[in-house]
Each structure stands twice: as structure tokens, then as C-alpha cells.
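Inspection log for the structure reproduced underneath, given as C-alpha cells.
To keep things simple, chains are lettered A, B, C and D as they appear, and every chain counts its residues starting from 1.
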Amino acid sequence: MLNLKGIVPPVATPYRADDTVDTESLRRLIRHLLKGGVHGLFLLGSTSECVLLDARQRRVVLDTALDEAGGRVPVLAGVMDSATDVCLQHARDAKDAGVDGLVVTAPYYTRTNQAETIDHFRYLKDGSGLPLIAYDIPVCVHIKLARETIRSLAREGLICALKDSSGDDGNFRMLVRDFAGDGQARCDGAGRIALFTGSEIVADSAILGGASGSVPGLANVDPAAYVRLYEAAARGDAAAARKEQDRLIDLFQMVFWSSPELSAGAAGVGSFQVALKWMGLAEHSHMRRPNRPVPEAVQTRIRSHLERHGLLP
Amino acid sequence: MLNLKGIVPPVATPYRADDTVDTESLRRLIRHLLKGGVHGLFLLGSTSECVLLDARQRRVVLDTALDEAGGRVPVLAGVMDSATDVCLQHARDAKDAGVDGLVVTAPYYTRTNQAETIDHFRYLKDGSGLPLIAYDIPVCVHIKLARETIRSLAREGLICALKDSSGDDGNFRMLVRDFAGDGQARCDGAGRIALFTGSEIVADSAILGGASGSVPGLANVDPAAYVRLYEAAARGDAAAARKEQDRLIDLFQMVFWSSPELSAGAAGVGSFQVALKWMGLAEHSHMRRPNRPVPEAVQTRIRSHLERHGLLP
Amino acid sequence: MLNLKGIVPPVATPYRADDTVDTESLRRLIRHLLKGGVHGLFLLGSTSECVLLDARQRRVVLDTALDEAGGRVPVLAGVMDSATDVCLQHARDAKDAGVDGLVVTAPYYTRTNQAETIDHFRYLKDGSGLPLIAYDIPVCVHIKLARETIRSLAREGLICALKDSSGDDGNFRMLVRDFAGDGQARCDGAGRIALFTGSEIVADSAILGGASGSVPGLANVDPAAYVRLYEAAARGDAAAARKEQDRLIDLFQMVFWSSPELSAGAAGVGSFQVALKWMGLAEHSHMRRPNRPVPEAVQTRIRSHLERHGLLP
Amino acid sequence: MLNLKGIVPPVATPYRADDTVDTESLRRLIRHLLKGGVHGLFLLGSTSECVLLDARQRRVVLDTALDEAGGRVPVLAGVMDSATDVCLQHARDAKDAGVDGLVVTAPYYTRTNQAETIDHFRYLKDGSGLPLIAYDIPVCVHIKLARETIRSLAREGLICALKDSSGDDGNFRMLVRDFAGDGQARCDGAGRIALFTGSEIVADSAILGGASGSVPGLANVDPAAYVRLYEAAARGDAAAARKEQDRLIDLFQMVFWSSPELSAGAAGVGSFQVALKWMGLAEHSHMRRPNRPVPEAVQTRIRSHLERHGLLP
């Protein structure tokens, strides 16, 4: 049983110059996140460039993170791949590594429907025996986990939580009402699930509305602020939560600066990577191919931005 | 100069059996809304089935509403049509009727780009002289008013407010931060605009996050609850706002009951029309062609729903 | 009963400097088309900027065209508007003017489903008594007329033809097979309909595959070439048809030159308008607001293009 | 240098009861295709369920196919995966197996832009040294290879051919005109590429319009008919090509029978698998998880369909 709430950053993956996983930087980043007070760690998510890594590299990430986390917080692993059996291999690797839960999207490339997607979760639950967190990210997998699908997955005990990166915050709010009526979300297989927003910019709204927490990529850069935001929102202090959120929205603007030279995804992850480098957490800021590096001018602008936000060492 | 904040319902249009506008029911509905404490009235929006009415019928709606409102709250009129000059005719009619502001979408059917859309607002502002409220509703017009477009419209003094029905609540929150930093939104042509969400289900979040108010179709049915929600959120009482919001989310579920027999739009507006009939506010609940009527079984279910919510007379 | 086949251009609408319909230029354009041998005329289509015109202007277009055509070829009128009753007013005007058939899209702005769309056609058929041509243009109305919907409309005798501008040429080919198995498409209300592609660039393929003809906007500029293409394809001479088509594809490239400054629709119609001006058929080349004019440099480039194609007077 | 033209079926992957690749059935299928006269073989495409197979299974497919083909026709391998370095591993495996060319899509899951996609092809070309065939399949990867991107890839000598499964047949026709003006498409790195449609239903149109051939999934079932279609179209006999095409369109209808129970992709591939079983070419007809099996009733219907088409042994 997995007790999940609060801020669970999707941890970025730092690389060495030769494109191998920079385990030292990754350890440094995880210490930074734990020091910031985060409540869990999500490795191998979209921000981690999961699908750009092969099975061996994925395992290095998990082993490193689990060792560094040392059981202090739950560690989740994404098992993203196109279809069931390949995901299941990732799931078994992740279980073998010792993670506490798996984050699962709908299959992609294939044009799976809702029923086949429910089967996919069932196969992964049966095949791994680990708690599953559904990850709704239509911008990547191009199918939205329908409200009725989440309901089925929850009722059947196939998932214990949802990370909603769909951007459909109205639907998310209805899910919160459907599944967390008493404000006490738990992964108890009793039809109740924990609901996390993937949004960097309406995290306060989500938590004030009853969500269990947030999985914001930007928490790589400023975990402590998201933890403060969570704590304020969780105790109902809307004004304090909004103050943190509004500052974080300002910080977040750097994700738009590399567009359209870089694709939206690369521009976002790239800005986090550059920030981690300026903050002394990572040696390099490049992403894996075919993501292009953040332009020099934007890198410089990000440095000033971090300085203004008091985030440089 | 238009001072706009709070709850501004998009007023439904009741019809007689012969499909003409039922002005008596419309007056009754407006009295119901004013009694509920709403801060403004938006006639001829999507909920009003604006684009299904011809110019003459649109004028009947406006004349009736303005007469009944009697200057107690600002009255806005939608001027939706495919292109500039036809919209401008509606705008002149609406000005002639005496409305306080115009609600303007991007052109549709034509595949207008952002620059042409800015021109469209400029022509309507120049041609009408009235305050304009931008209405972002890509689900109907199939172009999203980009953040940069809103910025241009605000800076040029072309709009004094935005109604955001795009469902992109993250982008909306960034707009709130861009334009309402001090929490004091005004239609002052000084680059600051009032920001309204069109959402029925995250109205509390929007207002707690700094929005000026909400334009929820469901406020036709329960205006007083939305006014309470607004007041709670505006004074920062997140818990009280959420309590109202959660009840309204429950009430709102009726909009899904007629799908997929009816299209999503018709299922939503139709459920409001049926509720108004059960509440004794309207004689009939049918919509204009080609919208099909809400099925009998759903009508009955809506009656029980209203009863449970204490909304029957 | 309407006998329809061959090339039926969607006739552009020329304007005077003051934005009124330039009836003299419109007459000149129609003479140009008839001289080119076209088999019918489609007024008030997307190329005609139909939805940018009010009811009065639409009537001027129809009266002018019908008078100039003088019964030599069938004249069709688009009745595009958002919903049934407003379309029906246009339909009655068009019938009163004396057209031979009506071109009808799905409703737009409203999010009509397939069943409501079938109702829409039924109301327009009942209300007008004229032959209806279904116009499938999802890029404008944002609903695709499903294959099953076309089947229903044909079986019920509600439509006698389809203009397919959906770009889904595979589905179109299946419709041709469904409805024109013997290559003899007729508007006979016996479940068989005439199938026209709206494509400028695969007109030869469509006709060789069994379609009844084409409705290409570019035929405003070079009607004779499309008529030659049609005749070659209709007699099965693929090589001759392809030769005409390949030249027309080259001519067509001008529609891309104004993008992205103009929206795609305006860039296309605008290039035709500019060509008509250079060819001495129209006085002016501007479109209605908010369409921006084609940039000067592109206008000059179009002139050379026409010269190279031997289309200047 | 790869000389590619004609019918190049995307070969289905048969499985044993235990989900392993059924190499005996695969050999039988390849003999069936070669006997039908196909001009090449494309393994590990979408019809092959490529992305549902792990690296080891992919290699089994290639080794089996190459051995059975014995150099009689070119053998192509899809290297579909989410990002460059993982694709490159597949590319090296495929090169090691001995294929003649690689079929490459844009990256997916990641939201790669056109420039990053061009880089992706560059890395794969540099890393593999094999001829690349671009595979445009936005329905799976959710990015369309823009006309300008194809132009860049061709000019830089990065690709020697395109398989267009985008459904945008107008754009495809323009590409044919851009790159195959003399009707003699070659993989010569001189800016000229071979253009293949992925369509089952407008293959005749594509070839009559100048395409080099077709890559139709349905050719697994009836390769000889597609070869006859190709030969007729290539010699300009439109009537004969259409006759074959129209029969194949009828045969193709089985792909729609399992929807919406199965997703569109599974319904299509599933119907081919079932047909191969009835034709005695494969032992089993199931697909890999999470694809559901084609319902029994549809399987029976497919049997009658094949019988009517004279395709049962």
C-alpha cells in the first residue's frame, strides 16, 4: 500500500558530455529535492526524457535514485512505452530495482481505445503486482483517459492514483469530487484514489479544490516553493498558496523562451536542465537527441531569471 | 467605461411553442437572476443560442432584457457571426438597443488567423464605440485567442475584459497574472482588463487565483449559489467557496445526461432549459432547430435532481 | 430534377472599392466561365466569401449570376449559416431568386452531431423543396459528414449530390463506389447521388475513379483547363487528364504564397481575386473584412505566374 | 543504392499461441507475397505491429524474412521507436540482419518539431549508412512530415523514398509533382525520391498520378491483385487499374467491421490476421496485447467475404 500526497517532482535526468546518465548530478539533484521537502520522487517521467532512454539507461536512473533516496520518500517509476509487453518489461525491471509504484500512460503510436487501455492497465497490474499511478498526458500519447475510464480503473482497484497532465482542469476537478469527497485521498483499492495535477501553474487551485498534490516539472528547480505552496493550500490558506503560485508562474515563464526553435516539450525540459546547470546541480544541460540544446541567449536569460528569483547558489 | 466583476450569467433564451422568443419567460428569468444577486447580464451568448437567432429575434431579446433589467446591472450583448461586417450590423443593433458592452468572438467558418482576428476587434471597436469583451471559445469558433493576442487587444485598448471558455485554465491563470497583478481588474483602457472564466466547475479556483468573476451558464438555474461562491472566493474564503462549488458541480452533472443522443452543446443548454421549465421560469424547454429536445427520461431525472438540490418552487 | 456533372466552379465574388458587390465584374467573370465551358455555377460558396455577406448582398450575387447565366447551365447557391432557421431564410431567398439547387453544409459554431445534421438537411429539404447538394467542408464547419451520414441522406432522398472538400480522398473514393457503381451518377432520389470533389489538385484522380466532376476554386482562373481535364478523365484518358492536372497544380501554387501573413482561406481566395484582376475580369482584388489584402509583392509574383501560364489577356 | 517501385506490402507478423513470433507462418506468408509478384517487402511496419515487439522479437522477424526472401526482392525494416538513440539501436540490428533499407517515422511521444525531425533523420542516416525511407503516418506519430520537410530530406540526400500514410492525398500529389516530374523516380540521392502511397483505396490514383507504387496492408491478403493494379496503372490503363482497385475497395471493407469494439488500428490489422488464418497462411489470428481479438462473428463474416472474393484455398 502506497501513501501518496504532496509534491512529487518528475525528476529530470542529467547527462554527461558523452550522453550517458550523469549519476553524480542525479544524486545531487535528488538531495536538492529532498532538502526542499518533497513528498515523493517520480523517475522516468516525461520531464526525465524517459522514452529517449533505453532499458539499461532507465535502470541506471532507478538504481541511482533509489540508492540516494534511501527509503525516505516513495519512489515511482514511469514505464512508458508503446505497448503492453514492452511496458511490462520496464515494469519488471523497475520492480526489481525496488520502486514503490509504477506510473503508466495509455499505449501510444497504436491507436488504442478506452477499453484496450483499461486492459493495458490490467495486464500491467497483474504482471507487476505494484501499485499503479495512471498518467493522463494526451499531448504525448494522444488519447485522453476518459472520466469513465478513470472510474473503471479505480473501481477495479487497478490504480491508486492519477497524475493529470491533460490540461483539462474542469474534468480533473470533477474527478476530485468523484473520488475524494472527504478530502482524504488514499491508495486503498476501495475505489478511492489520490489525484495529482501535473500543472505547474494551477497547483494551488487543484489542491484547494481537493487534490492530493502536484507533480510539477518546475519543482526540479524550486522544490521548496512548491512544498510551501502545498502546505498553504492543504491547510486552506488560499492567499499564501496564491502568493507562492504567482511567483512560480513567473519563474515558469522560461519554458516559453526557446520556442519555436525547440519543440514545446524540449523547450520546457531544456529550460529546467539549463536552470539545474546554473544552480550547480548538473554538469551539463543538454537533452538527448533529437532534442536541440537551448540557445545560448536563452541560457543567459535563464541565468538572470534565476538570479532575480534568488535561486543561484 | 464599464465596471464589470462578479457573476454575469449568459442568459438562456426561452421560446414559445411556435419558436418565437418568449418575452414573458425571459423577463421572469431575468427577475430570477437579479433576485439571485448577479452582477451583470450577458444576452445572446452561446447558452442563449445566439447564432440560431436572426437579427430580428436578437433585437427582441435585447429590448426585453434591457427593459426588465432597468439599468440595475450592466447588460452585455453577444454579436456572434461569421465575419466583421455582419457582426458590425449586430453591434449597431445592440448599441441602438442600449447595451453597455459587446461580447465578441473570433470570426468563424473562415479560418481567420490571429492578426486578422485582432483586426476584427479593431473594426468592431471603431464601428461601435462600445466596450468590447473578448470571448475565447475555441470549441465553437475553432481558433484560440492566443495569450499574445489578448495582450495586444488589451494594450491597444480594444477590449476591457475577457470571457475565457477555452478550458485552458493554465493559460487563463497566466493571463490573470499578466493583467490583474494587483487583484483590481478594471475596464480602464490602461492595458488592464477584467478576466472572467466561463467555467461552471472551477469558478472558485479562477476567482481565488485573481479572476474578476465568472460567466457560468448554470447560473441561469442557481444564480444565488454562484453569487455566494463569488463572494466567498473574493474575500479569500477558499473553504466556503469550495463548498458552494462542489454542490454546483453536482448540480452541473445534468448537462451530461442527454449525450450522445444530443450534441454536447445541445445537451448542456437543453438541461438548463428543462430546469427553467421545472422551476416555473419558462413555459417550454425546447431549443431552436436543429437541436433536438432533451429526452423525456432525462427531463424527469432533471426534475428529481432539482428537487434534491432544493431548487423546485 | 437536377442533372449535374462536370466542372462547377465556386464563383468568386468581386467587390467595388466601397465593398459593395461589383455586379459588372461578376457578370464578366461568369461570361469567362461559360466561355470556358463549365457545366454549372456554384454561387455563394466558400470561395465566394459567402458567410462574409449579409442577406441583401447574397441576393444581389444570385440575381446577377442567374441573369447572366440565362439558364445555360444549372446555378447552385450556398446557404451557409450557423443554424437551420437562418439557413432556411437564405434558402427561401435563393429559391425566390430562381436557383436550381442549394448547397448545404452542416451547421457550425454550434457543435451539432451527425443525427442533428441529418435533421438539418431534412428541415432544409422540406422547407425549400429544392434539390440539395451536401457540402462536406470540415476545415470550415468542424464536423465531417460521416460516410454513414451521406448514406442516410442519399437513401432518404434528401440530397442529390455531394461536394467533398474534406481532403479525405480515400473516404471519397469509397463513397463513389457506394453510390456510383455504374459510373452514371444522377440526382434521381433513388439512393444514387452525384459525387464531386472540391479538390483543385486531385480532380483527375477523382473523375478517373468514378466521380461526377469537380468544384475547384481555381476554375475561376482557368475554367477551360478544368473542362479539358474533365473531358479527358471522363473518357478514360488518364495521361491527358494528368497533363492538364499537373499544369493546374503548378498554377495552384500561388495559393500558398501569402501564408502565413494571411490565413489559409484568405491566402487562397485572395490569390484567385488577384488573378482575376490581372486577367481584366475584376476591377479590384480585395476581400471582405477581416481578410487582409494579398501583399503587393505576392500580387506581382502572381502576375508573372499568370503570364508564364499564358493567362494574361 | 536502392531501386524501389511497385507493390511493397507491410508484412503482417503472425504469432503462435504463446505470443512468440510464428516463423513458419511468416515464411508461408512471404512465399505467398512473392508468388503474388510483389516488388519488395516491408517488415516491422504498423501492420506488422512493430512497436508492440521488443528488440529480440524484431530481430527474429527480420532474420526469418531475409532468409525466406533470399535476395529476390528488396527487404525494408521499420525502426519505429520514440527517439533517436533507441531507433538507432533498431537500425543497427536491422543493418546487422542485412536489410536493404530502413523505414523511419518522426519521433513520437515527444512533441518533436519539423527541424528536430530532420535532425532525427540525419542522425539515423549517419549512424546506419543505409538508405532511408521516410514514413509519414501522423495518425500514429501525431506530426505530419511537412512538404518542406520532405523537400529538405530529399535535397540533403537523407531519404530515397517516402511512404505516405497521412491520408493527405492532395499534398502527396504535389510531392509527386515536386520530385518525380519525369515519371522516373529513383533513389539516387540527387534530390529525386520514390513516392509510395500507403493507401489501400486510392493506390490506382496515386500511381496514375505519378507515384512509384504503393505499400498497402491489404496486399498481405491479395498481393496479386495489387500487382495487377500496379501494372495496369503504370502502363496508363486507368480502366483496368480502377477495376482492380474497386474490387480491392470491396475486399477492404472488412477493416471496418470490428469497430468500435476494437480500436481502428487493431480492427484493421486484426482483419488481415483473420484473413491470413482462413487462407491457411497463419496458424493463429490474434494480435499482441493490448489489442483485443477480432470478435467471432466478424471472423465468420470475413470467411464468407474471402470466399466471395475467391481467396479461400
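Worth pointing out:
Operating definition for what follows: a contact is a pair of C-beta atoms (placed from the backbone, for glycine too) under 8 Å apart; a residue touches a chain by one contact, two chains touch by 3 or more.
Remember, it's a predicted structure, so these values are computed and weren't measured experimentally.
Look at the CA centroids: the one farthest from the centroid of chain C belongs to A. Here the CA centre of chain A is 35 Å from the CA centre of chain B. Separating the CA-averaged centres of chain B and chain D is a span of 50 Å.
Residue positions of chain C with contacts to 2 or more other chains are absent.
The touch graph of these protein chains is a ring, one cycle where each chain has exactly two neighbours. On chain D, the positions that touch chain C within their shared complex are 167-170, 173-174, 177, 199-202, 204-206, 208-210, 236-239, 242, 245-246, 249-250.
By the touch criterion stated above, chain B contacts chain C in their complex at residues 19, 46, 49, 51-54, 80-86, 89, 107-113, 115-117, 119-120, 123, 139-142, 260-266, 288-292.
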